Amino acid sequence: MIKVQEQDFDIGAELASLTDGNTSVGGLGCFVGLVRDMANEEQISSMTLEHYPGMTEKQLAALEAEARDRWTLLDVLIIHRYGRLEPGDRIVLVGTTSAHREAALESCHFLIDWLKTKAPFWKLEESDTGESWVAARDSDDDAADRWSDTATQSEQKKV
Amino acid sequence: MIKVQEQDFDIGAELASLTDGNTSVGGLGCFVGLVRDMANEEQISSMTLEHYPGMTEKQLAALEAEARDRWTLLDVLIIHRYGRLEPGDRIVLVGTTSAHREAALESCHFLIDWLKTKAPFWKLEESDTGESWVAARDSDDDAADRWSDTATQSEQKKV
Amino acid sequence: MQLLYFGWVRTKIGSGRETLDPPAEITDVRSLVEWLKQRGDGYQEALQDLETIRVAVNQEMVDLDALVSPSDEIALFPPMTGG
Amino acid sequence: MQLLYFGWVRTKIGSGRETLDPPAEITDVRSLVEWLKQRGDGYQEALQDLETIRVAVNQEMVDLDALVSPSDEIALFPPMTGG
């Protein structure tokens, strides 16, 4: 399930929706990204996330489909916020469930790595020295590329 | 922080304790293990976790220390239950926070892999055909060993 | 043709969305971008380094050789920074 | 000497904890296990395959050559299955 929203989310309630009543779940992998107070050694007062409505939902749905194709998953949840956020605010949640822990953990890691470079969001940081757009990082490209040449890293891959 | 307990835990409240009020956190990695209703193609009615009081806490604290040594982490939480559980019940929670997502995700994966083979728990499953002790799996040994020969897999390693 | 701009492409051009009618010889992304660069300093500055420009046609990522037509929704933006 | 048994080692021996006084020549884990195996069929069955037995002395994992003394807490158990 994909949710692109301005409002905050409740981690406990969202994760419960992935597991409650489904006794096939052996493992839940989860990642939550938050706004840090520091970037490039500058104090950040806010971060505004711009996105491409319509395309964002399509891209995230495509990422979910890719993860379900690579691993045997019971459920996938991606929540991504947009708008003005402050340090400590939640930005993104990725949750995956599977019968087995490796599939849940790896697919969660995969999804957040691909989100970084394939989801149409742009971040504008505000600090004492003004506003600046967050630049894409080579290390994020590398992390995303890591998943390109190998279907999965473990023996849990879908056959 | 290590918690070894018989009672259930609230995922949302536990994870909030890792992030609330700490604006240095950029990423939270989390894994929750649950009792599955099936094992070896048999329907499971309950799973009873036996552990070694005293040693369990020591071993989990040693795992936390090892993770903090390998990655730059802001916080680590491991909750492991014991006693009689039923399908759908939560068994274990691992949560890690860091400024950066790779450290949070990798350390979380590391901790659950090592927990499998280094935390003194034993599982007794009950099914229609009686009770049986869960055997250690070679794949769990392999998963744990994977972390032995390399400090971390990413460029985020602590220096 | 619907044009959408995001991130610093938007702030340099000074607009997030506009409807334009490029001449008939503009049939692919590359020629569209060159044509846009003639529209003013903001466009010139935003689009000068094609290495840093990403393009979506009708919400699908494409490369510079992709074809464009008057009914398309075309978005130009910097590398994405989601997550 | 405090002896603790867990998992199927416990269920085969039929007890989770006992206090024993091994003879003075029992000074390491290996000789202790051999001595325990003489105590009955349950012990014999539980401890017959040393490959599957894990040992902790005073709550630290050790191998079969580790020394033991009368004041130690010694635990014998199958491979752990945490998580």
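A few points about this structure:
Going in written order, the chains are labelled A, B, C and D, and every chain counts its residues from 1.
Just so we're on the same page, contacts are C-beta pairs under 8 Å (C-beta built on N, C-alpha and C of every residue); 3 or more make two chains touch, one makes a residue touch a chain.
Since the model is a prediction, treat every value here as computed from it, not as a measurement.
Separation of chain B from chain D in touch steps, taking the shortest path, is 1. Taking each chain's centre as the average of its CA atoms, chain A and chain D sit 48 Å apart. Inter-chain centre distance (chain A to chain C, centres taken as mean C-alpha positions): 27 Å. One simple way to say how far apart two chains are is to compare their mean CA positions; for chain A and chain B this gives 21 Å.
Within chain A, contacts with two or more other chains are made by residues 33, 101, 112. Annotation for chain D: residues 83 touch two or more other chains. Contact between chains, using the touch rule, shows up for A-B, A-C, B-D. By the touch rule above, chain B contacts chain A in their complex via residues 10-13, 15-16, 19-38, 87-88, 99, 101-102, 104-105, 108-109, 112, 139, 142-143, 154-155.
Considering their complex, residues 4, 6-8, 10-11, 56, 59, 75, 77-83 of chain D touch chain B. Residues 33, 50-52, 54-55, 58, 80, 91-92, 112, 115-123, 133-136, 140 of chain B are the ones that touch chain D when the two sit in their complex.
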